[in-house]
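Let me begin by presenting the structure, written as structure tokens, before commenting on it.
Going by the order they are written in, the chains are A, B, C, D and E; count residues from 1 in each one.
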Amino acid sequence: MVPLSHYIALSAILFVIGAAGFIFRRNIITVFMCIELMLNAVNLAFMAFSRFRGNLDGQLFVFFVIVVAAAEAAVGLALIISLYRSRDTLAIDELDSMKL
Amino acid sequence: MAVTLEKIPGQEERVILSMGPQHPSTHGVLRLVLELDGETVIRSLFDIGYLHTGFEKSFEDKTYSQGITLTDRMDYLAPLSNNLAYCLAIEKLLELEIPPKAQWARVLLTELTRVGSHLVWLGTHAIDIGAMSMFLYCFREREEILRIFEMVSGQRMMTSYFRVGGLALEPPLGWLDRVKKIVDRFPERVDEYEALLTKNPIWLRRTQGVGTISAEDAIAVGLSGPSLRGSGVDWDLRKKQPYSSYDKFNFNVPTRPEGDVYARYLVRVAEIRESLKIVRQAMEGMPEGPIKANAPHIVLPDRESMKTSIEALIYHFKIVTEGFHPPVGEVYQAIESPRGELGIYMVSDGSPKPFRCHVRAPSFANLQGLAKMMEGRLIADAVACIGSIDVVLGEIDR
Amino acid sequence: MALSSDTLFLLGVAVVKVVVVLLVLLTAIAYIVWLERKLVAHIQSRWGPYRVGPYGLMQPMADGLKFLFKEDIVPLEVDRFVYWLAPFLSFTLAMLTFAVIPFGGSFKLFGHEIYLQIADLNVGLLYIFAVTSLGVYSIALAGWSSNSKYPLFGGLRSSAQMISYELSLGLAVVGTLMISGSLSLRDIVNSQTGTWHLAGTNTFLPHWNIFVQPVGFIVYFIAAIAETNRIPFDLPEGETELVGGYHTEYSSFKFAMFFMAEYANMVTVSCIATLLFFGGWHGPVFGPAWLHVLLPVFWFALKVFCFLFFYIWTRGTLPRFRYDQLMAFGWKFLLPVALLNILATSFVVAWIGT
Amino acid sequence: MVPVFYIFAALTIIAALSVILQRTPVYSALSLIVVLCSLAVLYVSLGAKFLAVIQVIVYAGAIMVLFVLVIMLLNAGRERHTEGSRLARWLGVPLLAAFLVEILSVIWNGLSSGAVAPPAPDAGPAAVGALLFRHYVLPFEVTSILILVAILGAVVLAKKQL
Amino acid sequence: MSVDLENHAALKKLRAFDPDAVEDVQAFRGELTLFIRSTKLRRAAEFLRDDPELSFDFLADLTAVDHYPNEPRFEAVYHLLSIKTAQRLRLKVRLPGDDPRVESMLPVWPAANAYEREVFDLFGIQFENHPFLRRILLPEDWEGHPLRKDYPVQGNITRWP
């Protein structure tokens, strides 16, 4: 059996990769995907803890995270589309004013 | 050719889709340039000429009789209608009297042509909307009509059977029996098509309320034939300006008020039935007598007299080598082809070749209604609209 | 870790099962194509293929060879990697679903119970849905990577269509799941053994789910036709509108992969319909022991064939929906009906349970 | 089981790096799908088959399809290289590195010794479902409202004119 | 088949409406041809379309004839049809050979659109105020106008470079 720490380490690495992408990428869709990556890192930690604690609550949290991610993707992508319509760009550097 | 839609200034970038000339549902080589918003057609332009062969110029270099073979190749789905229009125009120029048997045979054959043409339309229209079996059923039935053409003229499609002053040949014995078989069997077949489509919910959804065009718009853009009658205008040249003794036949002119794709579909299907009625009347009332007008300087003599009478031989030689000289003048003769008003505008300067022969192709005018029908509709509807006006590119590009 | 002879034996059996299933499936796909051509031809009063072999039976082989040796035309400016990936993904995913489909009962060999199924997952049905839900990518990516407008339209259309109809597809089978109380396909089939007993009398009607879930079945089958992009829902291909849809720019073997994937998906969908609603491999069984093993497989194949026949029949008969009508039909009719079906089923199940 | 974990852990990391290093959004999305699918395999190795399948169906099969669809729709090309935020560069990188080091050190010191796995809980659909609808029914209902609101929001945002 | 020139409704009404419009009248085989002055064409066309008794609302055909080398060289020919009365009428406009141009009838009969493009394409007659006067049957870069009489039937001989 793989020890818990390896799962957590993997989760941490994934999270940091996601955060790095979030900071350095300029395309708003890619940034969004990095957020998903971070969410999944957390999910992995939840699953591992659930397994090693011997109850299912962690899995339930993963379930809820997936649901929230779905809602977030729907709204976020709709925002991206409407931003693209008005600004004609996907670079977050250029999306810096509040008014559409 | 090679038209593009210019961008309207101040408008956001839209997708320009080039549909055709090599596209399965543009019925030949029609090219449409569609400006799309999502899948909705905002504007459209047609681009034609891929089949342009310069028939109108060629007419000017051929004698009147030689021109008949060119007309076959314009509307290749209704060659006999083209033959008829062309011959009628010349006969009007010459003021020729055509014997009744030739008239009746002409009516019979052009109506069969109409049925055949509508069958091709029905098959291709159905396959555009996705009903693929219809295509093969229609072609199976059309085959029987083509066999009749082959029987009388020796050709299935490029018939060139009508001549100035009558028919080219005496139709073979027993041809009317073959016609009778078709007339007896066809109504049943048409019922079969209707069973597959007329009340099919998917077909109704795809055609009802699609490509609507009002009667005023239809007249303004010059629609004719079933496309015009689908908008509720009771206009059929066979009734309104009878030619070739159509006034002696009893038939109805189906019209529908809705003006959508479904209405045009119903009109054409009803027309198939009406045409069959006319064919039956022509078949039953076929008079006896000559098949050519009594005008030896215009009409070729039959082989028998050519070989026995010196006079006939001289006429034959004159007509074949030089042609005939119609009086100076100009005529416009329109007939109701399967697609609408097929007009021939013939200008004669007294020489054996037409000075100018212009063809008013019904599809060419009908094409102008397309933009109106497709506006604001989806691509799939655009396909249904193209099918519903029944374009034949050979006739549009001429 | 030393492998015992038992483990080795089971491993060998698993490999044999995978190979046999793959071979049978590929042959079946080839002959479904033949069957479709032949049947549609007869519907349309034609002959269909009849030159290669008796009744054109070798036609699939000829077609396969032709696809293999045709020139593979890759248009300029395509996204090479994705363009290559899409057909492979499509074909692989289509094949993967068969891992959990049981096609017969079980028999004993050298003291081991051997099930006629590659893997019996306890979430087998969900596994199938998971794999088919990935199938959208192959089509969407094919449309995108071709760098051409018609495939892009096809790709966009089919993504939207498959996502929409997946919902109805998933919800339609929930009723049967409630009745059998399991997600394992083997358990679902086993819950349909025997005949219906109504008010104490044996009705001789087989104990199939179709008799209690007709609405679920109809919704399932309509959604399944849409999922596999067949007439009257074949808009992503819609050859008279979008030329060929997502596979317009594909040729040669890449096209063949899409083609085979489509037919493999048809088989998958028919298999699931058989398993969930028509009692899987259950049917009259008689005769010697070997017949007891083979007859269920035959019944299973027969039922699947009936669905395939239905597929082909609709193809020969119906026109095609329009894009917006398709979406409206999926969301405004199919989905509510599926939901109502679940509601009604759950009430009935709860009522019987008390 | 052990090699499965390391193979897929390595795959996950490579794919995750590919997500942030690819210049073309479609490739990023494809890499993310690989991450999600290999995570699903890891879930299976943790005994959670149901959640693994849900991960594939919902995450890979629905959410990522939306991403791919939007990328196709907006025809997002290669990303232009820009300077980026200076704050992110000078503050973000050290902080991220510190965070990674911190977590790894905590794991190294605290977790590697203890944590013996108890027998795997039954994580089938029935068990998850029972927990979800008994113990967590209120959060479940709240998420359903969240989803509803998200749908409405998405429709309002994406519609050109209402 | 003869036409009563004096009592023909269209002719009488048009003459009453604008005595200058009709240049010449011809009748042949029961068909009436009115020669209209090119400056008056638009007014005459609108009158013929809008007059409730005539209502020539259907432009059946529009073409041209080239009388090379005679002058005026071109004739633009309009075939009108009244759906209401089932009457036909032919209008003709004589155009000079050096700069043939005539007003576009697009505002009167939208059907004129494609016909005018065709006539422009094949005869080189300019239709003023036509919004999209481009070649329709021939390629954009085609030289010459094939239906002119001075254009050889077999086409211009192309010299390959």
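Here, contacts are C-beta pairs under 8 Å (C-beta built on N, C-alpha and C of every residue); 3 or more make two chains touch, one makes a residue touch a chain.
What you are looking at is a predicted structure, and each value in this text was computed from that prediction instead of being measured.
K.L.:
Which chains end up grouped together through touches if subunit C is skipped?
P.N.:
Ignoring subunit C, components are A, D | B, E.
K.L.:
Just the chain pair, please, that has the highest number of C-beta contacts.
P.N.:
Answer by contact count: the chains A-D.
K.L.:
Average the CA atoms of each chain to get its centre, and name the chain whose centre is farthest from that of subunit A.
P.N.:
Between subunit A and every other chain, the largest centroid distance is to E.
K.L.:
Between subunit A and subunit C, tell me the centre distance in angstrom, where each centre is the average of that chain's C-alpha atoms.
P.N.:
34
K.L.:
Taking each chain's centre as the mean position of its Cα atoms, how many Å separate subunit A from subunit D?
P.N.:
Computed value for the inter-centroid distance: 6 Å.
K.L.:
Starting from the mean Cα coordinates of subunit A and subunit B, work out the distance between those two points in Å.
P.N.:
64
K.L.:
Just how far, in Å, is the C-alpha centre of subunit D from the one of subunit C?
P.N.:
That pair's centroid distance is 29 Å.
K.L.:
Would you pick out the residues of subunit C that each touch at least 2 other chains?
P.N.:
Within subunit C, no residue touches at least two other chains.
K.L.:
Using the touch rule from the top of the page, what residues of subunit A touch 2 or more other chains?
P.N.:
Where subunit A meets two or more other chains at a single residue, that happens at 85.
K.L.:
Which parts of subunit E, given as residue numbers and ranges, touch two or more other chains?
P.N.:
Residues: none.
K.L.:
With chains as vertices and touches as edges, which is it: line, ring, star, complete or other?
P.N.:
line
K.L.:
Chain pairs in touch?
P.N.:
A-D, B-C, B-E, C-D
K.L.:
Residue numbers of subunit D touching subunit C in their complex, please.
P.N.:
For this pair, the touching residues of subunit D are 24, 26-27, 30, 33, 49-50, 53-54, 56-57, 60-62, 65, 68-69, 71-73, 124-125.
K.L.:
Could you list, by residue number, the parts of subunit C that touch subunit B in their complex?
P.N.:
Per the touch definition, subunit C meets subunit B at residues 40, 43-46, 149-150, 153, 157, 231-232, 234-235, 238-243, 315-325.
K.L.:
Enumerate the contact residues on subunit C facing subunit D in the complex.
P.N.:
Answer in residue numbers: 79, 81-82, 85, 121-123, 126-127, 129-131, 133-134, 136-137, 140-141, 143-144, 152, 155-156, 159-160, 163, 166, 183.
K.L.:
Which of the residues in subunit D come into contact with subunit A in the complex?
P.N.:
1-2, 5-6, 9, 12-13, 16-17, 19-20, 25, 28-29, 32, 35-36, 39, 42-43, 45-48, 50-51, 54-55, 58-59, 62-63, 66-67, 70-71, 73-74, 76, 79-82, 84-85, 88-89, 92-93, 96, 99-100, 103-104, 107-108, 111-112, 115, 117-121, 123, 127-128, 131-132, 135-136, 139, 143, 146-147, 149-151, 153-158, 160
K.L.:
Using the touch definition up top, name the residues of subunit B that touch subunit C in the complex.
P.N.:
So the residues of subunit B in touch with subunit C come to 15, 17, 23-25, 39, 126-133, 135-137, 140, 196-197, 200, 202-203, 205-206, 378-381, 383.
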